[in-house]
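Shared between the two complexes below is subunit A, which pairs with subunit B and subunit C, respectively.
What follows is the complex of A and B.
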């Protein structure tokens, strides 16, 4: 387990605003909607993907020894167009360029690699730095024009000279045409050679070097589509066991599969499901039990799932119920009718662990996000807003008043802005630095350093 | 739904259930919401998680008449949002919202 500096309770950490990226105006262009946020393995790089198919990568500044009161800021390192909109001619359907997920590969050499995916195609991008260029060609001028060969009287050897840093992104592999349905997850195996991609009904296994073939490892498509009762909502490889992965479903179940058992892992090794109280069942039960995200802990001992109203921690050794359940916004249970009408009930919230697996975080509405400390059992609600803009000022906890008299500083459920959703959050792998995405802005918060 | 929830409102409801006589049992919030929904949409299907609902999810994506229609929509740079057509008929070009090209640098990098 990694040691996290200053780790304490969710309340013991004093979160301060650090930076905000993105436009200030309220009129949000659809392309600017952030669709994924991911730190790389060292935490030095932070990648975002948006609905317009673009990836923006931020790099943390080297820590300044004299400025010990704050960690380095994240500045733009590279930005590129990862995916473009396409047209499926057979079905007359548009294929959105929206980036659904970004996953970083661990760094093996000077370059950085990441996988980015839209609904249908996964791409491996290489991000490399260029800080020198060759100069002194014999046949070319410095501006590229060709010299008249008759004017060349001496020969020289071109040399590399330093230049301003240029960061280039180039697509190295394109993994296409393997998914009939919409890709919701990609996950890199701990062998660092293979990865999985999951759509609504199937999961495929790829080798990072091979683009013209993939293996189908899970297929839940029924022979008769009328019999379809559930879809795959998320999938992830185990962080240490290269043969193990899990996938979650729209019915609130998680299946753990072992690739050593058979080539097609349609039969799970473990099925994680919390028994339902039949007397509590309603029209909404299945919809709100649908799992929108599943994440293994760094240790590999636990996994966390997010459904509409709660976050659950499961011990991989216990299938019949979660070991911990945290309510994210229970006050929404009495608003399910309107949340169904405005489609908010289908919002897919993600969740994440801190580096030491002691705290979990997830988003909510009104630009609120929540953290739960597994040790102290305390939780906190914070807001990502430009009003809290002062660096080194500790963020004030928020509270939603579910019913009855609203205290000063509380906000009532009916005043919540359901258009302000925090679906994507990420926690630095080692430090207490978090990245929180509102609709079109990226907030970075850090704990207060003394 | 799942295991005991323990937060404010819900816990209160369960306590009341024990105290009141069966005829006066208050409705759990989820059921109350369900009743509201059924009152508004009496024709709502019995199985919400059933085929229709999932099929709609599998089919997500803007449907166009053909590729020419798609390319024309892509070429138009207007911001005007037309109401989207739901249902299962093939949309006509006038029904579709205009698409805006996204070849502009992200504002996060600004």
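What follows is the complex of A and C.
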């Protein structure tokens, strides 16, 4: 990570607006609501999924040597319809086409592969480029019509000629009918051969080549559904150990499982849970402790969890409490009742690490997003908004005033827009480039390069 | 025409602050402090009122779940757990029993409650709250009630008029039956989450006392669009129960009007 001297003289990153994608008007078409954002392993490609079942992939331009003050821009590379709405005839229910998660496979050849999933079905997509085509067939015309063989007087060897770049996306595998409940996570194993998919009550293990079979590795469904008090909220494979994965629950616990221990990993190897703070206990304690996202650090030594009000960093070697806790929007604690009333308390925020695991980022309301520097212990609040955002102008930090006198430039809690929520964010694996999704727009920010 | 919410600071009231304030005044300031006692009365009934409203809101949310395409299981489970928590606490501090005593008289707001009782209920609450896991939850309310009735008759006197009001709205006629119904509803919700069909939704819905919605509107000043959402949902099912429930809404509201008028004048 390049260190840039900020205006304050420190080494903090100065974030600048770079691009924004999506419709400008305030009227949000439901299908355009962004539901997932993910960089690929090199950071060259950025994928988004939306409620309409579409996947849009952006590609970073090759760096222009003459334009040394900014990195390449992201432009649309491919768009395709990943999932269509379906109807479950047995339950008389519609299955939403909304893309819940996208995960990229590491690149093995010229083509790119990604997994995309809706509530019930996971698909493996191959995205390949075509920039040449064969020309000079003997038996076919250029438009494809067959020639009358009797008119052929000479023979020639067809050659490849350049053509306009065409990016094709084709579904290579469809993994269906393995989930009764809604899929909330997919995670590719470090062996690059298997992956897991998790729904509210079960986790399944798949082989990327095999679609008609999957192994159930976690099942927390009680015999009597009336006794159901806890669901799975997220799951992820360890980045290095191919036998280890974690899953989080609605009760604020994280379980680490080792697949070598048994076929059905219902008994965890480790249970991560922080004891409740009795002074903060309320009827909403359980709801706000529910974990909405869990992410391993790139190193594999730590994992991060996001609950309604905070981000916690756990050391895998210590189960009884997190090593770091960052408050995202503590000023909401006194508003939990109204947030329960308007259902905002159930919003599932995601979180992400930067490439070097030194900074973590997560979203909030009013199109604010927050970053926490684990080394300096400094945090910043920024806003994703079209106003006052010109390329290469540094973003102004925001501050929410919890109570009492509101200073100039501060925003009071009561004027926050709870409809403008940033649930999905992603950080480039190598550079200081971040992608932040508002309801229907994708913002790309970069650090200021001098 | 909507009534002024009984709790003026809703919805930004902090239940925790309310509870802690009451606790401090009762157990630490000493029983001799009459002012503290008066303030304590105001704090504790508000807490009960808010808790009741939270319970009502939660039940409405659970019912609404069934009107959606497919309920979000995580959300349903979290709401159901909240409902259970409230139920457990109400059972522990005896307020759950008060639903039975609706007919035994309407205590006026001015009535002084002995500090002893208030202290006891606060301490019980304190104990309840600090136990991370509740003691095994006895789903058989009817059984509990029979045993506890004699003990809790004294706490019944601390029933505040607004609570009675709520009880009137909450329970139709037979409180015991309805409590059973409530528990049954909760269980049914999970069963129907398993095998959802339009029929089961209507079935579940028909058991609900539709005056819930009025309670919410009255107490919490809930957004009119939310309420409209409920009524819209009723419309779309186009079943006989839907039309009658609409008229029930109105008649119940008038009744509530009347009752609150009386209380306010006294």
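We adopt the following convention: the second predicted complex is superposed on the first by the 435 of 450 C-alpha atoms of A that agree within 3 Å, B and C clash if a C-alpha of one lies under 4 Å from a C-alpha of the other, contacts with A are read in each partner's own complex, and residues count from 1 in each chain.
Following the convention adopted for this analysis, contacts are C-beta pairs under 8 Å (C-beta built on N, C-alpha and C of every residue); 3 or more make two chains touch, one makes a residue touch a chain.
Computed from a predicted structure; not experimentally measured.
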item: Clash-or-fit label for the pair subunit B, subunit C on subunit A; value: clash
item: Touching partner for A:54 - first (subunit B), second (subunit C), both, neither; value: first
item: Which superposed partner A:331 touches (first subunit B, second subunit C, both, neither); value: first
item: Touched partner set for A:182, first subunit B, second subunit C, both or neither; value: both
item: Which superposed partner A:409 touches (first subunit B, second subunit C, both, neither); value: neither
item: Per-residue touch tally on subunit A - higher for subunit B or for subunit C; value: B
item: Partner chain in contact with A:191 - subunit B first, subunit C second, else both or neither; value: neither
item: Part of subunit C, among the options 19-27, 109-117 or 145-153, whose backbone runs into subunit B after overlay; value: 19-27
item: Doubly contacted residues of subunit A, that is, touched by subunit B and again by subunit C; value: 92-94, 96, 181-182, 200-201, 225-226, 228-231, 250, 276, 280-284, 286-287, 334-335, 337, 340-341
item: Contact set on subunit B toward subunit A in their complex; value: 1-3, 5-10, 28-34, 36-38, 40, 44, 48-51, 54-55, 57-58, 60-67, 70-71, 74, 90, 99-100, 102-110
item: In the complex with subunit A, residue positions of subunit C that touch it; value: 10-17, 50-51, 54, 57, 61, 69-70, 72-75, 77-78, 80-82, 85-86, 129-130, 132, 186-187, 190-191, 193-198, 220, 222
item: Residues of subunit A that touch subunit B when the two form their complex; value: 21-23, 29-32, 34, 48, 50-54, 56, 76, 79, 81, 85, 87-89, 92-97, 119, 181-182, 200-201, 225-231, 250-251, 274, 276-277, 280-289, 310, 321, 325, 327, 330-331, 333-337, 340-341, 402-403, 440-442
item: Subunit C contact footprint on subunit A (complex, rising order); value: 91-94, 96, 181-182, 200-201, 225-226, 228-231, 233, 250, 275-276, 278, 280-284, 286-287, 290, 334-335, 337-338, 340-341, 343, 346
